[in-house]
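Before we start, here is the structure in question, set down as structure tokens.
Letters A, B, C and D name the chains as they come in the text, with residue numbers starting at 1 for each one.
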Amino acid sequence: MTESKSTVSGTPATHVRMQGALNLALKHALAEDDRTLVFGEDVAKLGGVFRVTDGLQETFGIDRVFDSQLAEASIIGMAVGLALHGYRPIPEIQFDGFAYPAMNQIVTQMARMNYRTRGAAPMPITLRLPSFGGIRAPEFHGESLESVLAHVPGLKVVSPSSPNEAYQLLRQSIADPDPVVFMEPKARYWNKAEFDPHVPVSDYLPIGRSRAVRSGKHVTLIAWGAMVAKCLRAAELAEEDGVEIEVLDLRWLKPIDVAGLEESVSRTKRAVVVHEAPFSGGLGGEVSSIITERCFDSLRAPVQRVAGYDVPYPSGALEDQYLPSVNRILRAVQRVLEYRRG
Amino acid sequence: MTESKSTVSGTPATHVRMQGALNLALKHALAEDDRTLVFGEDVAKLGGVFRVTDGLQETFGIDRVFDSQLAEASIIGMAVGLALHGYRPIPEIQFDGFAYPAMNQIVTQMARMNYRTRGAAPMPITLRLPSFGGIRAPEFHGESLESVLAHVPGLKVVSPSSPNEAYQLLRQSIADPDPVVFMEPKARYWNKAEFDPHVPVSDYLPIGRSRAVRSGKHVTLIAWGAMVAKCLRAAELAEEDGVEIEVLDLRWLKPIDVAGLEESVSRTKRAVVVHEAPFSGGLGGEVSSIITERCFDSLRAPVQRVAGYDVPYPSGALEDQYLPSVNRILRAVQRVLEYRRG
Amino acid sequence: MQREGLILAYSPLRGQEAAQIGSGIALDLARDFAFPTYRELGVAVAMGVDLVGYLASYLGIWHGGLYDPMASRFGSINAVVSGSVLHAVGWAKGAQLSGDGGVAVTYFGDGASSEGEVHEAMNLAGIDKLPVVFFCQNNGWAISLAAERQIAGGTVAGRAAAYGIEGVQIDGNDVIAVLHATRQALARARAGDGPTVIEAMTYRAGPHSTSDDPGRYRSLDDEQKWLSRDPIASFAERLRAEGIADEQFFLAASAEAARAADAVRAGLAALGDRPGEELFDFVFANPTATLQEQKHAWQESTHD
Amino acid sequence: MQREGLILAYSPLRGQEAAQIGSGIALDLARDFAFPTYRELGVAVAMGVDLVGYLASYLGIWHGGLYDPMASRFGSINAVVSGSVLHAVGWAKGAQLSGDGGVAVTYFGDGASSEGEVHEAMNLAGIDKLPVVFFCQNNGWAISLAAERQIAGGTVAGRAAAYGIEGVQIDGNDVIAVLHATRQALARARAGDGPTVIEAMTYRAGPHSTSDDPGRYRSLDDEQKWLSRDPIASFAERLRAEGIADEQFFLAASAEAARAADAVRAGLAALGDRPGEELFDFVFANPTATLQEQKHAWQESTHD
């Protein structure tokens, strides 16, 4: 509990991987506030299976950064207890699918404690959850839990799509007094992009705001996590055909940026929402409904959903068949563009 | 394992409570197939906290109907193991909110086993889950988990709204070779209604089909569980004003009756979906999106959602403020009727 | 002890008064923290929790009660069986990290001991020798399931050894024995010697809850057997026998208890309705736009 | 033993050959059932599971493998740590109810022993004296966490007593000791005397998985210490010393193993691509209309 700020060097590279941006955000958070703690399975000496917590134990010591036993309910239960004691825990669940053993603690305890105690016991917990598919991993290493988690009263849910977003959103999540589930798109960990950790906090978009990562006037594509890059790719291809696609990185899956959706789609009059999770009951339904409720008069076509199928996330050999592809996205764009009222 | 069919008397009352209809369905299922087993917390001597399993242990013995230890993951894990051994388990989780400790077994094991084994190990499990609110109960005794469960690949999800539905749907769920989560609307356990267990199975609606419980031409109300009765009440009141409401009991929450929704709403051109679960990420978004995708041209107004708020299910004193009321339903009906394109 | 008269009014606690009062009074309110279930009225009494705020939960006013759990160092009522056992371990980790000498005491039942989370909690506490007391009230029943069908091996205390921690089974109906055992466990934890499992053998004299019907699963004989070991009656007898208290004392205590009960009753009656806004006000410390819009919509709807 | 040559090709199993082969060959394939994790190739070999079907899982072809778990009585590969331990208990309940004399053997690691489900499973098995063997391979590590930091009290076998069941800690690198212990546990279960926890002390000689980097958390010294206790080398030595096998035997065994490995390699190479339809075909035994529509849409999309 006695690390000084000087242990963190402030000289980041201009191009980093999301992995590195997250690591730096954790470093800065740990350096700034003694009450922050990082723990989870294999986060210490190993630095996490994705190395996001690499070097943190060395820098901040075994009291602030430590390995949890192999018991996910305990990881969250311990976070709740530490928060009750005044700490700001940043637990990690190693993979999306292993949030299920912790679901009771997440839903009935972590998310509910501020409410149950009438605000006496806020839960400034940031649960890091490496999420989504695309890395040809074993079973339950490619799940998309956002619609489940975003439905839980008392939770906030966010997913970054780039190193900059990763850094800023993680800092914001840690600073927020409420429990935030931070869904890291595994497939993007290794992608390098321009990165600037020196953006003043006052310039960060507020919690709950989406970001237009590309503007266009013919149709709005809405996505989060790794699907943002796919949508950008689709937009590039569509441009060759003269179709200008606006790509909205939703970022916050709870709360959803209702105003941002309305603003964009009331301009473009057409929308497609893209996610990896199974189609039925996915967050696409929520996004689609919000848009329809707000933009009914301007919509020229029903909002289209491009998603995974209603099947278990498959093994590597079938992964590409499951995940929304650039082609499937473009076909949906075509459908909304060509739609004519019957 | 040696109970004969003669132990079950076939003389039901013409008016019974849903509780009684469920009890009879279990009795008949236990009598017909030696491989069916009923277990859960307090289901044996106590007959379940809602008495749905009353008398079953006396009739079928301690091998077929038995109490589980207080460990929900075990209840589902045991069901999976018994199914692997050739049994047809009918486990009960005592209350909706206590499905969370079992979520890992439900999602990663029960729902996934048929897929994982390429069909070698089907899971003919019917998980009875007393569900939803309305009975002024303690915390986590009033949760609505349908959107979470309906999103899980490999699960089927159903909720009855009347004694007849309860009987038929429970028999169908037990007979189905796949895991079905059977959500019993607690608030309706004690409501008596006409009941006929002698309807031939061939007359049952197929799995996945909704039922129009009232027909009308001005707007379609879609609901399930205890909300069906509220919608019927709203329809009665609206009739006084000359508004003819069609009420669709969705019944199956997975798979959803897409064709039935399309048929009804393409006639009425207006729809309102009602549920108890929190608004955001609730199944209302799914239903609304399906309708918009299928009936975009005929819709005269955006589909309205009437739901719980994005807050924890409250204590009794605030319950009526939380639950969709007949008034809130009627206001939504009014909105879709009065909607004029801008 | 004077206050115990109060508890009698609250049937679900009947039979467990000694286990709860005896352990609750051992805590140091300046630094310890109790994690109750839904049946710890006795502990609340012993810790001086605002009883109107506590009982408000059972009137359907607020799930967690209206008392301040942080100020009273008695966590919110928790309806999830075993739900707060891990919190005690996390809190104890915090106490260990900060070196503040605090000890967490987690309450749970014989039924709860079957939940995986309790095992995880004991394992964690054992590994780091955390300052936590696992206080199990084995009252013989988890609703309708007898403890014999719940606890393989017969005892919860017996599990402690497997985790390398202390475990004691005590007479939960002997308030003095409970007090001693709890004090010992607290001292051990404070000294850095790690957790203790205390299994207080007692009996749930009443129904599980008002909607329960114990006649379906246990006999009157059973209940009678335990009546003879009523913790309040036997402690009163002991006080009399040892000349510590006379009839005068008991009359005064009864009167005091009645007065306290009256005050609580009056307080509950005065609580009145909850403002509907409270549906929304405590979901987040930093509320979301969506929720604020919903609150607004709700407010509008109340003006129709 | 001839077949063990094969296993060497599969690095994550290295070090645990004796624990897996010794236990796997003890099962009665006519009535027992094994519940593996993701590391039980040795058990699969011992039970005669189709190895091409088994290894297909590790080629990313099908999570659960392509072998038939019901026919081979070796459950599907399960990626959820501790996920199938409760299934073994449920299966054992089925065996007890039907009186078929079958025993379930569930495999799990030192890490898995921390999961609440394992505790729940032992408790249930203890209460009903179910015919199940809890076979824990304590290989010293759960990825990067050493068993000492995982297991309070130091042993998993030591927990058995708390549940009133048998528990033994054995040298997991001695194939004969493993075989005997497993046979004993199976016999006890079959006789109706209930479950046994076997903790086989062994060592994960390789990395946790191919993406792991053990250098970050353990020393070469550590690894060397265990190398001297290599289960295959020491068993071979014993066979030689006791005159049971000569060089001739080992040459033949090696040749046989090489042939088998070649056959598996050829089988894997011949597997080819999975038809995309399989995304949809096994989700339900009785598929839903929605899913059939999605399959149809997928089929259309492949024709563009």
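Quick note on the criterion: a residue touches a chain if its C-beta (ideal position, glycine included) is under 8 Å from a C-beta of that chain, and two chains touch if they have at least 3 such contacts.
Predicted model only: the values in this text are computed from it and were never measured.
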Mind listing the chains that sit against subunit C and also against subunit D? A, B
Go through B-C and B-D and name the pair with more C-beta contacts between its chains. B-D
Measuring from the mean C-alpha position of subunit A to the mean C-alpha position of subunit D, what distance in angstrom results? 35
Taking each chain's centre as the mean of its CA atoms, subunit B sits from subunit D at a distance in Å of 39
Any idea how many Å lie between the Cα centroids of subunit A and subunit B? 32
Note: subunit C residues in touch with at least two other chains are 62-64, 78, 80, 114-117, 120, 123-124, 127, 149-150, 278, 283, 288, 290-291
Taking each residue of subunit A in turn, which ones touch at least two of the other chains? 69, 71, 73-74, 97, 101, 104, 108, 115-116, 139-140, 153-154, 254-256, 280, 310-312
Hey, how would you classify the chain contact layout here, line, ring, star, complete or other? complete
Within their complex, subunit D touches subunit C through residues 114-120, 122-127, 149-154, 158-159, 161-165
Touch list for subunit D against partner subunit A, complex: 38, 57, 59-64, 78-81, 111-112, 114-117, 142-145, 149-150, 211, 213, 216-217, 273-274, 276, 278-280, 283, 288, 290-291, 294-295, 298, 301, 304
Touching residues of subunit A toward subunit D in the complex: what are they? 41-42, 44-47, 49, 67, 69-74, 97-98, 101, 136, 138-141, 279-280, 309-312, 314-319, 321-322, 327-328, 331
Which residues of subunit C touch subunit A once you look at their complex with the stated criterion? 33, 62-64, 66, 68-71, 75-76, 78, 80, 83-95, 97-98, 104, 116-117, 120-121, 123-124, 127, 278, 281-286, 288-291, 293
What residues of subunit B sit close enough to touch subunit D in their complex? 1, 37, 63, 69, 71, 73-74, 76-87, 104-105, 108-109, 113-122, 124, 153-154, 156, 176-178, 207-208, 254-256, 258-259
